[in-house]
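Across the two complexes that follow, chain A remains constant while its partner is chain B and subsequently chain C.
Right, the complex of A and B next:
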């Protein structure tokens, strides 16, 4: 029996699960929600100074292997992320687990011939046609989810009935996971978008607006940023975030080229999302955002390189910026104090 | 009857309390050690403050700030609970309307607040490390066998401060031991320590921040003349240390309590308040949240530490 598992990030397990369970005759193990135990397992078996997402995903993988997973899927990116799969495979083998690690992306580009080879290792009889069809639906699902999330971030801070956005989103994700065709998915998306827009809010004309930039995993997995967006929303703040899976897969490469052409702050790709974030910081400063929060996991090298430039841009435009570095041993109280002070400061500036 | 407002700043090392009147004049103030028990410290503090408060005053607002602000806020039913960054800025701005930079070094944390036209424009707070804060200085004073309050006087005597590694408390300490063992004078070592606190602060918290005058220095460490001297020397500008610099957080939160008053009157009878905390661990999922339930006079008023919001 094939048991596939993959580390999770935010709500993206829904499309990933959808894709895998449709193209393989396999059992897809849903990774358990990240908890303190996940982090403990990950931290215990990771090199100490590795970035935090490594620890989170390693912890999830161990939990999945304990649930009898025998195929693990990991991705890679343009920084240390590119070495995650190999290193985690080695660590898990040393721990005595038996499994196959499938590394979907290397060197930042997806090679379809290689993926075909890898997929054949999972299931020699897998259908390419099915993969293309369900792959298309899954990617559309990612796009729709990201669009809905953008809308939620702008409005959740002002909902009249607490929890109305979250509950509707949970309902939507369940419906999404059961769609049979692309047409059905599109209809569902339109229906839910309308329902989201019908949720009553008390949004003022000029609310406080904060842009969140930084390293991708910490941005997208709420457990790893201590539910930062939720905490901001509780203070009636509109949130803007650029990084999501759709951006990383389809928009990033095109937009980055454009950014680098006419930007006085950065001329070349600094690895991972560092150059993107510099540009996003400039965008937020020029478009009337009241504050910027930059988050990363500790030891994230590309973001460390971007931080002085981001700081320079923010001080030139006189937009306050708050930097957070999250580790597996970060004090939650410290985060709350700084966030509260940041919010007070923005409020004071806005009033004057 | 005259109205007055109570502000309490419960820090990790010391607890500060102040009562101000309608015009922000200090009626009475006090400064005591927290000794790891904020509830008892606040009870003691309020009893001291009560003695100096004439019966014509009634308390119309209570504010709490500092690391135990939430707990004490619940205990006293404060009308405002605010973080120490905002409180310090408000307190300073009450007395120095044109302040541009606030340097603050407390027992466990240090921060820098930049202001412009009476509003905060930027701030930073030390993150992982407590190097160069008050508790570091007091532990070194113990090692050298002198009182913390005499630290500054010793430092001013020195003509040749020794160089002490400023990056990290642990390195600073081994450097200090080494310098003492090879025969440097005590005052030179103390002066070197004060200088290293300043350098550490400017390299960590003050990094990338433009320090413009008027500069106000506050927090417990501002009482140390040696540190003040080296701030002046290194920044090459005048540093203002208010006589009440250690009370600024408490004054700020008292001012905020005045601005946010809701018509309620508060009593200072704290000895009768039964205030208990009960820790427990929730084992319903693998988060194993450490819960803390707060009881005021036997009734549950709040519980903290739950990640999922069940409690």
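Right, the complex of A and C next:
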């Protein structure tokens, strides 16, 4: 019996689960929600100064293996994230687990030949045609989810009935996971977009607007940033976030090339999302955002390099900026206090 | 005032000699910042972010030191040496970080072999910027490379000869910008030599050989410098008595690679991590006990 598992990130388990369960005759194990126990498991078995996503994903993998998973899927980004899989495989083997690790992406790129080879390891008889079809649907699903998330982020701070956005989104995700064809998905998307727009809000003309930039995993996995977006929304703030899976997969490389031409701050790609974030910071400053929050996991090398430049831009435009570096040992109260002070300061600036 | 300032850090330990020969041949005056000392370290801590790795911090200190002592500071950017041979992202970013911090003019070139940007093209570009003629540059470059290759060959053969020695042999696995930096690795090497240990350097092997061997120990690894380093372990695994890993805190590739390698090899080893607060006294105790252990193994 094949039991596939993968570390989760935000709500993206829905399309991933959809894809895997349609291509393979396999049982897809849904990774349990990240809790403090997951982090403890991850930290205990991780090397000393590794960045935090390693600990989170390792912890999740151990929990999945305890649920009898025997195939693990991991992906990698353009920094050292790309080499996570090999070390995690070794660590888990040393712990005595038996499984197969499939690493779909290394150093930020992949191709069809590689994916084909790896999928054959899981199931030699998998159908390529099916993979392309369901892959297409899953990617579209990601796109629609990201679009809806963008809308939610702008409006959730002003909802009249508490929880109306969240409840509708949960309902939508369940419907999405049961789609049969692309047309059905598209119809569902249009229907839910309308319903989201019909939710009553009391948005003022000029609300406080905050842009969130930073390292991708910490941005997209709400547990790892201690539900930062939720806390902001509770204070009636409109939120803008650039990084999502659709951006990383399809828009990033094109946009980055455009950014780097004739740019006074950066000339080269500084690794992972560093150059993107510098340009996003500039965009936020120029488009009248009241504040910027930069978040990352501790020891994230590319972001550490980008921070002095981001700071320079923000102080040039006189936009307040708050830096958070999340570790597995960060206390939630500390974050709350700093966030409240930041929010109060922004509001005072706005009134004057 | 000298024309070009070369910070003694990161790139210097890979390309310093070539640069020196190249500029000497072209009769361009240059200044290399001194070994990392207290003054530079103080400047470094002021100029850098507090989470940067120690090697990058000291590099920024060297840049600060050179700031008003030369017309141009030479800061290259290295992205990759062909497919699956990336460098650490700090090597990608350091040019942009420095550019936003100083007003001194920077000389720079980009090595990105995937896009066919080579060292040769880079040095040609720099020399042209400084107003040299093409035939002069061609000659200077050729001479510099020949002289560098000769010197490198000599270093490699010395290193290989050390493997035949009868003393306790210890392989230092660390990036050259850590091994030879006076703040990070020099004291460790000095201590080892004082204690009659034959010190073998992992960067003084032919990179063509070690790069391939590195893949046997860590498959799919794509950091070129780490691959070279750990390839040396495979190359001389039967000939050495122990391994010392030295890394600066918090080095990104080392955190993964050293952990993976120490889990795979069966040679006695210790992992020394140096940050800006560490003192040599603490390290000395660890080194002493490591050497004692190796001696004990020989006696059994």
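To be clear about the criterion, the second predicted complex is superposed on the first by the 352 of 352 C-alpha atoms of A that agree within 3 Å, B and C clash if a C-alpha of one lies under 4 Å from a C-alpha of the other, contacts with A are read in each partner's own complex, and residues count from 1 in each chain.
Definition applied: contacts are C-beta pairs under 8 Å (C-beta built on N, C-alpha and C of every residue); 3 or more make two chains touch, one makes a residue touch a chain.
Predicted model, so just to flag it, every value in this text is computed and none were measured.
Visitor: Should chain B and chain C be called a clash or a fit once both complexes are overlaid on chain A?
Guide: Chain B/chain C on chain A - fit side by side.
Visitor: Using the superposition on chain A described above, determine whether A:239 touches chain B (first), chain C (second), both, or neither.
Guide: Touch status of A:239: no partner.
Visitor: By residue count, is chain A touched more by chain B or by chain C?
Guide: Touching more of chain A: C.
Visitor: Given the touch rule stated above, what does A:325 touch, chain B (first), chain C (second), both, or neither?
Guide: Both partners, chain B and chain C.
Visitor: A:5 in the overlay: touching chain B, chain C, both, or neither? Say first, second, both or neither.
Guide: Neither chain B nor chain C is touched by A:5.
Visitor: Contacts for A:268 in the overlay, against chain B (first) and chain C (second): which applies, first, second, both or neither?
Guide: Touch status of A:268: second partner only.
Visitor: In the overlaid three-chain picture, which partner chain does A:349 touch, first (chain B) or second (chain C), both, or neither?
Guide: In the superposed model, A:349 contacts chain B only, not chain C.
Visitor: Could you tell me the angle at the CA centre of chain A between the CA centres of chain B and chain C, given to the nearest 10 degrees?
Guide: 80
Visitor: Once the shared chain is lined up, is A:102 touching chain B (first), chain C (second), both, or neither of them?
Guide: It touches nothing on chain B or chain C.
Visitor: In the overlay, answer first, second, both or neither for which of chain B and chain C A:295 touches.
Guide: neither
Visitor: Return first, second, both or neither, reflecting whether A:49 touches chain B, chain C, both chains, or no partner chain.
Guide: second
Visitor: Pick one for A:337: touches chain B only (first), chain C only (second), both, or neither.
Guide: Touch partner of A:337: chain B, not chain C.
Visitor: On the overlay, how many Å separate the closest CA atoms of chain B and chain C?
Guide: Nearest C-alpha pair, chain B versus chain C: 7 Å apart.
Visitor: Residues on chain A in contact with chain B in one complex and with chain C in the other?
Guide: Dual-contact residues (chain A): 308, 325.
Visitor: Can you check the complex and tell me which residues of chain B touch chain A?
Guide: These residues of chain B touch chain A: 67, 82-86, 117-123, 125, 127, 208, 210, 285-289.
Visitor: Once bound in the complex, which stretches of chain A touch chain C?
Guide: Interface residues on the chain A side: 47-51, 79-80, 82-84, 86-87, 90-91, 94, 103, 106-107, 265-272, 274-275, 298-299, 301-302, 304-309, 312, 325.
Visitor: Would you tell me which residues of chain A are touching chain B in their complex?
Guide: Touch list, chain A to chain B: 32-33, 35-38, 308, 311, 315, 318, 320-321, 325, 333-334, 337-338, 340-341, 344-345, 348-349, 352.
Visitor: Hey, which residues of chain C end up touching chain A in the complex?
Guide: Touching chain A from chain C are residues 49, 51-53, 56, 77, 79, 84, 86, 88-90, 92-97, 99-101, 110, 218-223, 249-253, 255-260, 263-264, 273.
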